[in-house]
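Take a look at the structures listed below.
Two complexes, one shared chain (subunit A), two partners (subunit B, subunit C).
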Partner chain A sequence: MSQTETAPMTTDGRRGDELLVVEDLQKHFPVTRGVIFQKQIAAVKAVDGVSFTVRQGETLGVVGESGCGKSTMARCVMRLLEPTGGRIVFEGRDITKLSRTDMRPLRREMMMVFQDPYASLNPRKRVGFIVAEALEVHKLGTEAETKRRVQELLEVVGLSPEHYNRFPHEFSGGQRQRIGVARALAVNPKLIVCDEPVSALDVSVQAQILNLLKDLQRDFGLTYVFIAHDLNVVRHISDRVMVMYLGHAVEIATRQQLYSDPKHPYTGALLSAVPIPDPRAGRERQPIVLEGDVPSPINPPNACWFHPRCPRFREGHCDVETPPLRPFGDGHFAACHYPLERWPMTADEMRTVREPAAAS
Partner chain B sequence: MIRYLIRRLLWAVVLFVAITIITYIIFFMIPTDPARKACGQLVTPACVKSARHYLGLDRPVYIQYYKFLERLVVHQSLGRSFANRQNINSIIGRAAPITASLVFGGAVTWLLLAIPIGILSALRPRTLLDRSAMVFVLVGISAHPVWIGLIFSWFFGYKLGITPIAGYCEAFSPPQGAACGGVVQWFYHMILPWITFAILFAALYVRMIRANVMETLNEDYVRTARAKGAPESRVMFKHVLRNAMLPVVTMLGMDIALGLGGAVFTESVYSLHGLGQTLVQSLSGDDLPTTQGIVVFGTLAIIVFNLIVDLLYAFIDPRIRLT
Partner chain C sequence: MALLDVKDLKTYFRTDDGIVKAVDGVSFSVEKGQTLGIVGESGSGKSVTCLTIMGLNPKKNTISSGEARFKDEDLLHMSPRRLRQIRGNDIAMIFQDPMTSLNPVHKIGDQLAEAVLLHQDVTKKQAKTQALELLKAVGIPRAERRLGDYPHQFSGGMRQRVMIAMALVNDPDVLIADEPTTALDVTTQAQILTLMNNLQKDFDSAIIIITHDLGVVAETADDVVVMYAAEVVEQGSVDSIFRRPHMPYTWGLLGSLPRLDTDLERLVQIKGQPPSLLNPPQGCRFHPRCPYVMDICKKEDPPLKPVTDDPAHLAACHLDEETKDREAQKLIEGTLAAAS
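Moving on to the complex of A and B:
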């Protein structure tokens, strides 16, 4: 086990079981102005240099507040959006520059479960068609085989095969999301990117869907990239977690590391805000409240992207020098000059910073 | 389904009675005397009196209206014209095919123009193609059909001589002594009227289709279809168009009905003796039975079209159940 095998910035010395490698992914949306001739005056840097790897069979959780680029990152990985820069390597093959046509056969290897179970299913199509379409598109099996497979899938996700001829509006939110999962599973993909699959559902249904996803992972050896803004959800399902802030990955760690020993102050603030299902403990706890809003991704702060809101901000360092993703051992990385020494921490403790031990 | 049809038909009867009563009342508000006109140059009190009795004008309005309904329901007859004693059923029988040719052919033409242009505009927004389509739309909406018709007739018919200048040909069984006949001639004579008639609607439909397709393209389920790996053509036909065309079908039913009335401009430019022209003539001649006959016919046409559209709607959008 070496430092470099999960080092997000390197492409060499991999362990060899990486299904997805993303390097320095960027997605900038142009901001234009002009009546007749549009000229670009700025760019929204929705994703600005994110690197990570996903190993075969694991679940990488991605967390961050809304607008931090999670979904954009997922759509770039799926090539539903064209990345501005960087590389996406799927099963050892660079798919960043593949054309739509060349991309098509690969789509059966990577599927996506979308956030909104209402809008993401075509209201005028029967469930059978929705689930079977990917099979049809990729020409897998005859009509009868397809139908049998779809009914099988509906059972796998906990629906009844009789639902084959129903329309999406006849289902509840949780059932619809099951349809979405069945749809993604239809062609036996290797990777499923789940873009906030449970955030539109209520808590009891969330648990059902999460357990369903876990069972499916066990039974079919699936690999997930799981996006959510709910840390409890991510904790439940992920093997490793990536924390995003303003289009950057600020911390990547295994689940245990991240939840018991976070290094980045932003991760600390997020963790301290997770509701505790015990009113007494909840009242005694002092959450670390971040001041201000997320800065505009059109005009992000210099150097460390988090410095205007960071309780550990040191002038002359954090706003001058961009912190690289530094290793903390065992594949734990965080981008901070003044990482947290221990956890848990109170807000006051967080503000007092020891001098960095022989920083770069 | 059956219950739905029955309910629709009952509503149609109510609508029909309301519209015909309104036509009758309006007609009797107009201060003219059809009996005087019927006597022509020889206006003598005796002539007017006998004409009035002959035409049934000496009885109260409600009796006249009742007679009209009785004739219509029992004999399926719309009566005879005040002006020339012709059977109105046969007047409409001659005029309706002409208007129908114009309106249905026109509808096909405007859909053939608007669907491809609208879809391409939506797929390539703010390109040269989209902007040119926009110019076409502006011209189509601003230019009056009479003006367009005259320009076309002069340019294609007179200057270039590639189309007839005006006139109509019966497609089937042309009358004795007609100058032309047959399906080919019919088509040839209808080309300019169709285009003239279609331009306004085509322009409106381009905008509508463009907006609908653009909106549908942004739907999440379209993204889902792309993520499944569906080719763009499949995404377009299986997912986008069916959803985008729904409002278009609604409008189409209404606009065809509307077109039956709007056809009068095109009819007058190309001297097509359709319903529109007949209606205008009958109005200026105080010919109540003919006016009423055309109104009745138009009302029936609108009712039937709306019914067809609603049935089509259920076919396109499976969520709508006809109950």
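Moving on to the complex of A and C:
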């Protein structure tokens, strides 16, 4: 399985400008029983064999329902969590097994923006300190230089340099998220992993932050891994998109391909579930409503992880054979035995399955 | 006579810093079988409006005025005893966070049965049966076995279903849903919205849905109220609001939305922050953030008045009709972003 899942890296033919390569990443959390003699009785397979690449200067969007392993994947990539298996290659260097000390100089190359702007800033520290902390840790510049840099950063993200001495509680949610972005930018990173950076914000503030992230990418040549559950937001900001389900990547494609020609039924269901802010088009919309909830990752379904909820489920095939990530041309990959022939589709059309796609 | 008629509703909170005008003169009405969407940013007074109608604001420190007529009875000036009879029976509410609105130490079945017992003259056993029926109606699988479960054993989507079941226990005439899908994934959101839609068809209830997701409003609501800084700035049928919005704030809201059906390089930004309600700006409350601001906006609060050719569509803005039509058209075509 890992062989076929690494396909996206080797077949898109544009090696060389890859900033981040992730191969068969796994993160299993042990479930233990007992107090003193803790015995592992099961494992939560939060991330189970995810492979993808991120090229210099592009934005990779990652979507999926809550609990699909998006955030765990991001934390593993940042080495905030130790991956159980797989390889993470950053700028051509395998960082999977680097020690804390060896990792430290690399930390300034990859930064993170977190979801909750209320919880991710220390309420007892001043904004100036929060933004400057990374500069001090990496010993970049004198005190005066640091202060100047921080004030510059505050301006870059649309705050006023006078905000330097304020505390986080004096800011609104959107402003706090700007502080989070300034902190991530402080050390001139190459890669910024944004974990649901706009989910907690109002639409108007969300637009401000999305515009800011786009501007910064243009001005500083940043590379983003952008995690969100809002498909509209991901479409707006991403060049390529990866859809995750239950710890697996089920589809990877360019934005254009994914939104106009999805192959995986799960992607189709997600797209059809997005409300359209247009009353006429919205009322005609026929969402493909998925039954039930995401299964538990402790005891995931056999073979195709999506089969218990899939409208195209074929007994004796989908629950027996795990579908590999199969190429659909131009770097479009999907893991499905019965990929969608076209898009859009109604729920009924989706149920009537044609012949299985010939394995190419 | 509308089923629920709210007129000039005002809710002020006394705080240490002064009086916060959380709702300042809001009027709307809902008919049977209709859905009203209330949209606006956080802190615009959407939720407080509904809490006031339900009489759920803390008694201490709250000053409410205006009227909220439900079947010719004023909810704001009725005895607490009568209000308790109506609340949960004729008017029910679904709260935003399904995690915190269920009691964690009671079984789901008991919580549902309690709502039945409070308003109907039935035995405990009958109440239990009714609870089971409801759980089935909202699509909980293996409902018999889930009655004895605690809320933590349910997923977010299922808890929201339980909340809906609880709200529907007594076939309410009005259902108020405060951000019912905000905490949920798109797939679960689609399930819940479909469910609410079907239930509305079955019971012919009126629904008030509060949300900041304009997509949800466009698809579920018949009428829309746009709130900004405790006031209604625009209201009308869902088609008129989305097709010919007449107020720069509504333009901003619509334009700030990344959407699947259009490609925009940049989103429309509403600059700045919503104002403090302790001390709202003079004149039009939106003027400090409005890209079209004129001198008159800073002095005079624009009245909520009908637009020229559509008496049901109200908007509060000093701009002339011609500019409004032109800008609204630009917004629809997706070119407003480039201009701002």
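Note that the second predicted complex is superposed on the first by the 342 of 360 C-alpha atoms of A that agree within 3 Å, B and C clash if a C-alpha of one lies under 4 Å from a C-alpha of the other, contacts with A are read in each partner's own complex, and residues count from 1 in each chain.
Throughout what follows, contacts are C-beta pairs under 8 Å (C-beta built on N, C-alpha and C of every residue); 3 or more make two chains touch, one makes a residue touch a chain.
Because the structure is predicted, anything quoted here is derived from the model rather than measured.
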| item | value |
| --- | --- |
| Subunit C versus subunit B on the shared subunit A, clash or fit after superposition | fit |
| Subunit B versus subunit C as contact partner of A:100, first or second or both or neither | first |
| First, second, both or neither for A:289, with subunit B first and subunit C second | second |
| Subunit B versus subunit C as contact partner of A:124, first or second or both or neither | first |
| Touched partner set for A:31, first subunit B, second subunit C, both or neither | neither |
| Comparison of subunit B and subunit C by subunit A residues contacted | C |
| Which of subunit B and subunit C A:207 touches, first, second, both or neither | second |
| After superposition on chain A, the shortest CA separation from subunit B to subunit C (Å) | 13 |
| Overlap of the subunit B and subunit C footprints on subunit A, listed as residue numbers | none |
| Partner subunit A, residues of subunit C touching it in the complex | 41-42, 141, 155-158, 185-191, 193-194, 212-219, 238-239, 242-243, 252-261, 264, 266-271, 273 |
| Residue ranges of subunit A touching subunit B (in the complex, touch as defined) | 78, 80, 100, 103-108, 111-112, 114, 116, 119-126, 133-134, 137-138, 167, 169, 180, 183 |
| Of subunit A, residues touching subunit C in the complex | 65-66, 172-175, 202-208, 210-211, 214, 229-233, 235-237, 259, 269-283, 285, 287, 289-290, 292-293 |
| Sites on subunit B touched by subunit A in the complex | 219-221, 223-232, 234, 238-239, 242-243, 316-319 |
